[in-house]
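Structure record follows, encoded as structure tokens.
All chains are identified by letter, namely A, B, C and D, in their written order; residue positions are counted from 1 within each chain.
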């Protein structure tokens, strides 16, 4: 989706351009100026290459709304497109090791121009930057909701129980591609963007859903 | 037997436990208060004032004739009106890009070379001191960026769009962290930069001495590290996107009292 | 129990010996005349007391250590050592879990109060001690725990 | 040549509070640079304070004192106009002395 969506973004720009024509006084074409400014202002450094500035359709549309909510129909279309990218685990197993998940949640590294490698093994989950998880970690962010007791609140006593299946599927999809449920979510699309691999996602699943995980204590 | 220090330590640690009920936020606030008195930024202010008045560069001239927007040599109050449009360069400039212009025209330095120099090295280290000095000369004054010139309005509009520009492997924009009140990353409070976040908060608190790196950071370096954490490519020093963002944040902060150079974690 | 202490004592002696011969790298660098290299290389409080030729310290309500409960950044932690007692020779600031336990040592004269504040680096959460070295050789201390939190973004 | 210190000395009641900021890296010797080479230790080892020319305090510091060090202490007595001088020597033998007037 990331690669094919550039055309979609261009299509969107055309629509916006036409809407602009309806206005009485022609306002400056800020979008074109912005594109030029972004191009001339940045350069590649290490693994952070300039192609990172390219937006897919979701990012382009959420950027252009400059903080205002999207019309419901547009939001739903973006969510559907993102949901379609979600790949469930190849072996059908969702739950890894919560201890590894906790390490990933603590780790905020990866993908900056000072990081050496963009391999998934070099990346953390960044979870505590934005979310509360286990009670013992007092240094947590609040950009996202608290995930303390995530599985417990949702009544997950055994993630393998078929009754837990909807929550398990939802949680996996949310981690894989957060825009599947909230078009302009601030959360990275860890699976879709290739930031975390299947095994790492399973560890985060365990942190959230394993009844033994400190998140559910 | 001599009394064991370790045993005493354990005992008193156990006795001290209830004190830890105090919230983490209270603890951090207490820590910041303790650091208020004696901000190492003062060291940079003093150095910067010396550099401003010292004849330097190929032309062996001082910066005392530099026009920061309020006329040649007028430093007081200049900082809280930047970025602004400058007729001589036909560009909207922030403090750092304006200093580059003055260093080139008055002192004969090569501005492009300085822009390419890594932060904290060579003339970049001198610019850190200069921004500490110039911003300190507006301490206590209110942010009041001009928006009368068409180019100033344009930079605000472009800055706004750049602020909300999501991209990169994490889909982050400036707005991901800085468009809502009362949020934080880990323990760090995040100012809402889409409006005036209050006196001495956000745009009105930079340049600042960064405790974590032990360095004085101007807005250029602040933005550079934001883009790094945003997982973006590298923004050029004094590039248009950095100036546009400053224009956007600075206009939004209108009326906020500047405490720069401040002290940051 | 004693083995570890003896070993430490032994290594302190070795360090002192090397120091005397000018063979420790940090010592070779020591430029200031009376800088006590052995004290600043002590890994723990036992080693430090030996390097200072002092007895083991005892906790005292008359000594105060100041510092935050939580430090937002371990690179700069404001700490202070003071005492209400008269007859103080030196005030020391110690961070138990730092690679070297001694941070700073202040010689007290009749012209200053035994009350000093500075800022130290802390690699991790640790107990911080203020120690008063009295003219009669007694060592009195106060201690408090300072938690060091992680910075934002982790990068 | 090291950058100047900032010294503030204020007399109040029966004492003078002295606050000093020093410009110094205070490198621990335990860090490595980008290429993995250890950065050599470089830190202030001795600090001396004088009140009207008379030494009132000496201190020994290790590398654990934070970068751009801060120091606060109280001199007994003292009045506006008195001179406070602070000196430091680091492990490379570099020195710096600055003076301030009590306010």
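The working rule: a contact is a pair of C-beta atoms (placed from the backbone, for glycine too) under 8 Å apart; a residue touches a chain by one contact, two chains touch by 3 or more.
These figures come from a predicted structure and were not determined experimentally.
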Between B-D and B-C, the pair with more C-beta contacts: B-C
Innermost chain by mean C-alpha position: B
Inter-chain centre distance, subunit B versus subunit C - centres from mean C-alpha coordinates, in Å: 35
Distance from the mean Cα position of subunit D to that of subunit A, given in whole angstrom: 49
Chain centre separation in whole Å, for subunit D relative to subunit B (CA means): 27
Between subunit D and subunit C, distance of the C-alpha-averaged centres to the nearest whole Å: 18
Residues within subunit A bordering two or more other chains: 112, 114, 126, 128-129, 138-139, 141
Touching two or more other chains - residue numbers and ranges from subunit B: 24, 184-187, 214, 228-229
Subunit C: positions in contact with at least two other chains: 75-76, 78, 119, 149-150, 152-155
In the complex, subunit C residues that touch subunit D: 26, 29-36, 39-40, 75-78, 80, 95, 98-100, 102-113, 115-121
Subunit D-touching residues of subunit B, taken from the complex the two chains share: 37-38, 40, 42-43, 46-47, 209, 214
Subunit A contact footprint on subunit B (complex, rising order): 24, 154, 157-158, 160-173, 175-177, 179-180, 182-187, 190, 194, 227-229, 231-236, 239-242, 244
Residue ranges of subunit C in contact with subunit B within the complex: 45, 55-59, 68-73, 75-76, 78, 96, 119, 127, 141, 143-145, 147, 149-155
Contact footprint of subunit B on subunit D as seen in their complex: 3-6, 19, 21-23, 25, 66-68, 70, 72
